[in-house]
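Note that chain A is present in both complexes that follow, paired respectively with chain B and with chain C.
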Partner chain A sequence: MKMLKLPKSKLDFFAAVTQQFGEVHAPVQVQGGFVFRRLHRWSEARLDYQRTLLPPKKYFLPPQETLLRYRSTAGYEPCSEDLDRRIVLFGLHPCDIYALNLLDRVFGPPFADPYYTSRRRNIAIIGMDCMPDERCFCSSMRSDFVDRGFDLFLSDIGDDYFTLVGSARGDDMVLASGPLFSPVSPADVDQYKRRSAAKRRAFRLDVEIRDLPEIFEMEYESGIWEELGRRCLACGSCSMVCPTCYCFDVRDQVELGSRDGVRVRRWDSCLFLAHARVAGGENFRRSRAARIKMRYYHKQRGFVAQYGRPSCVGCGRCLTACPAGIAVTEVIAQLRETRHAASC
Partner chain B sequence: MSSARPKILIVDDDADFRESLAVFLESHGYAVLHAPDSEQGLLRARLERPALILMDLMMSERTEGCFAIQQIRRSPELQNIPVFVVSSLYDKAPDFRIPPDRAWLGHDEFFPKPVDLERLLEAIRRYLAGAGAAQAEAQP
Partner chain C sequence: MLPLAETARNASAHPYLPQPARIVRIYKMVPDNYLFTLRFVDPELAASFRHLPGQFVMISVPAAGEIPISIASSPSRTGVLELCVRRVGRVTGALYRLQINDLVGLRGPYGNGFPIQDMRGNDLLIVAGGLGMAPLRSLLWYALDHRDWFARIILMCGARTPRDMLFGEEMASLVDRTDITCLLTVDADPSGTWPFHKGLLPALFDHVTLDPPRTYAAVCGPPVVYRFILRRLLDLGFSKDRILMSLERRMKCGVGKCGHCLIGYKYVCVDGPIFTYWDAINLPEMI
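Entry: the complex of A and B
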């Protein structure tokens, strides 16, 4: 992988030059937190953010999108508005990039979703390293470092950003801003390693994920799920803020008085009562306990069986968003501590 | 009536520069609009639809004009308006060293400050004559 450095003092110039690859979007501070948004000026960018309210998945799988239009006279027409929109997404943290790499496995081949994959192709990603706060546990989920899924990745090494070039487009960005970048020195490499070690030491949350699918298997009938069901409000906040939750609902919106309409895809959540309701009115997960259990089992066990690792990346958003104070880290700890035999 | 005269919008945080340039352009038959920053510049551009925009780059922040031009280029209502950059970027940031290429800056012409007024006037005439011809061609 190509490695270069970019002076921090020239990041604004670099951002200006990257606009030829698309509109520059970055974390911006709003009331209540940070959001990824289009920049109107570079000073709006807040690269010192901890986590955004919504993850960057909103760019690739929008909260609501029109998939197709249908007319009684013309049949079905795919809706491709915005799919070609080129964006440069600045400042993604490793866990969020890791999450996109996981979503690629869901929405990519062999059954590629053309909406998701088009956006993935047209949106450039410039990642940025971060330091953990008290809610980050990406190190436990092995997503505190990424080696793919970005065009460029910047790590703070003092006066410069240590820059990893992760794609041909990233290389084009470097070429377009040629004189801003320079080769790294041995001292820069040492500084990068020191920074990396300091980040590893800074984690305060630790979740052991080895044998976790097996623990979940053992605790399928645990009383913990009923207890969580009593606490959970089924608001779906955890799913909405999760960078890897991808459940969606598809509905037809028919224009009144005609047979024309649009087919719309919207974010859904397995915490919602209607999520498992099927034709005829049967609902496979009528209780909140069943629904929250489903969420945990899918993320920590089902995804492992299908894709080889949990879908949780440890970003800490659900810990922040849950109004009932349910924390995945505590649930996992509780499951591990459950004892089935009388102690002697 | 000034509405018959082509409107040129000057976006620059230097009020003296705007005034002196306005006097020069008005003396050559143009109506001049002013904006002291990119936010007001974009607002005026949307409201007044000038025939041409003269944009500074380094205003309250040094890439402000760069971002404003990209917003113009990505706005369906404004994207066809010629944008001339009038800037001292390469004097004030000599280590920047990336030539003012249209691919990244999105401008039509680049004029370093202090601006060569005759060259500027000649370019404005050329662009606006082109726009006039295109408009005439579009008439049924």
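Entry: the complex of A and C
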């Protein structure tokens, strides 16, 4: 991979250059936390953020979007508004980029989702490395480093950003920046490696994931799920803030006074009561215990069977968002303990 | 043989975009169970559309929404699609208010369909209870239209009363055919005119000798049917991967994205809706 460095003092110049590749969006501080949104001034960007309230999936799978338009005269037509909007998304952390790489597989072929894939094409990603806080466990989930899914990726190595060039568009951004970027020296590479090692040492949360499928298989009937079902409020916050939760609901909205309308999709959650309800009212996951088990089972076990790894990337958002204080790290630890207790 | 390439061609470049189709016939089979015959407005699509027995389509009803419905017509009868729809909710309610010549949207076909290649050369046993014939009828007629692909074909069909039997006349017309063993039964016959078997569906097993190691069984019906028929098939020595069933789940996309039909790690829409009994007992919450 092409490696370069960018002096930290020149980041704002570079950000200005990226505007020719689309609207620049970056984390901004608002009341209650950080959010990705369009910048009015570069000085608004808070690249020292830890995690945003909502993950960047909102750019690729918006909380609500119109898929189709229906007119009684013309039938169903795709709605492609906004799909070609060019955006430069600045400052994504590795876990969030890793999550997009997982969503690529869900929304990719067969039956590629044209909305997601267009946006993925039209939105440039400039990643930025980070240091973990007490809720980060991306190193456990092996998503603390990404080798693809971005155009450029910047890592702080003191006076410079060590820059990985991940795409032809990323390379174009470098070229458009004239002399801002320069080749890396062996000393820069050493500095990058030291920085990576320091990051690995900085994690305070550790989750062993190697045997998760086995644990989930063995603990399917565990009483832990009933206990979690009593605590869970079924609010769906964990799904909304999760960078890899992709369930969506689809509804038709009819315009008043006509038979024309739109087909809209919006984020859904397997914790909601109606998620597994079928025609006639039968519900395959009526109890909250069954629903929370479904979420864990799919993230940590089902996704592994389908795509070879858990869909959790260890971003720590659900730990932060759950009003009942349910933490994925503790649930996994608890399941593991039950299993150890049984083996004694 | 059929045409997976053809099937794939049907999947339009835009996976969520329904194609307009016209209702050309509405047949009121039993109350709240109508058979809708549909033809794509685009003549090329109408002629080229191919599916596998057991697959489903997503049908859009204007100003109501979109739902999955299994295809009740055989792939060997091209030109139109037949959907057997039970009136249970908002979208099916809106569909029931439509009339001949009205337009709906269709996309698909989706799902795996029956594993015809594995089933070829074997006996075929079809067991339908209640409304279970809806997803099995495509297989029944497909097998009859490719009669030399199968050894014996045995159909068992049960309903509460003669009036409740889906495709009752059609099933009755098969009884005298020599290329199929057609056994029909009703739990009760209030009018006293039913000429076939009376009694519960599992009792039909007493009227036929099966060869389980060389038979594929396709079963569909309400939970009580599964409970008794599956027990019976296992007692007869059927291997669990020679028993096939069609499952239903809530679906919003039909193409493995929306997450609603996920069971464990299988999507009913792409990994099913046809599952072996072995799959079913190995996935939680399956039936």
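We take it that the second predicted complex is superposed on the first by the 338 of 344 C-alpha atoms of A that agree within 3 Å, B and C clash if a C-alpha of one lies under 4 Å from a C-alpha of the other, contacts with A are read in each partner's own complex, and residues count from 1 in each chain.
Assume a contact is a pair of C-beta atoms (placed from the backbone, for glycine too) under 8 Å apart; a residue touches a chain by one contact, two chains touch by 3 or more.
Quick caveat: nothing in here was measured; it's all calculated off a predicted structure.
Engineer: When the two structures are overlaid on chain A, which partner does A:R251 contact: first (chain B), second (chain C), both, or neither?
Structural biologist: Only chain C is touched by A:R251; chain B is not.
Engineer: Of the partners chain B and chain C, which touch A:A276 in the superposed model: first, second, both, neither?
Structural biologist: Second partner only, chain C.
Engineer: Have a look at where A:R317 lands relative to chain B and chain C in the superposition and call it first, second, both or neither.
Structural biologist: In the superposed model, A:R317 contacts neither chain B nor chain C.
Engineer: For A:R295 in the superposed arrangement: first (chain B), second (chain C), both or neither?
Structural biologist: neither
Engineer: When both complexes are superposed, which of chain B and chain C contacts more residues belonging to chain A?
Structural biologist: Touching more of chain A: C.
Engineer: Go through the superposed model and pick first if A:R285 touches only chain B, second if only chain C, both, or neither.
Structural biologist: Second partner only, chain C.
Engineer: Does chain B (first) or chain C (second) touch A:F303, or do both, or does neither?
Structural biologist: A:F303 contacts chain C only, not chain B.
Engineer: Is A:P78 touching the first partner chain B, the second partner chain C, both, or neither of them?
Structural biologist: Touch partner of A:P78: chain C, not chain B.
Engineer: Residue numbers of chain C touching chain A in their complex, please.
Structural biologist: Per the stated touch rule, the residues are 11, 13-18, 20, 60, 62-67, 86, 88-89, 92, 103, 105, 248-250, 252-253, 255-260, 262-265, 284-285.
Engineer: Which of the residues in chain A end up touching chain C in this complex?
Structural biologist: Going by the criterion above, the answer is residues 67-68, 70, 72, 75-78, 106-107, 110-114, 220, 246-252, 254, 259, 261, 263, 265, 268, 270, 275-280, 284-285, 290, 294, 297-298, 301-306.
Engineer: Which residues of chain B touch chain A in the complex?
Structural biologist: Checking each residue of chain B against chain A gives 38-39, 61-64, 66-68, 70-71, 74, 93, 95-98, 103-106.
Engineer: Applying the document's contact rule, which stretches of chain A touch chain B when the two form their complex?
Structural biologist: Residue positions touching the partner: 10, 12-13, 15-20, 23-24, 39-43, 176-180.
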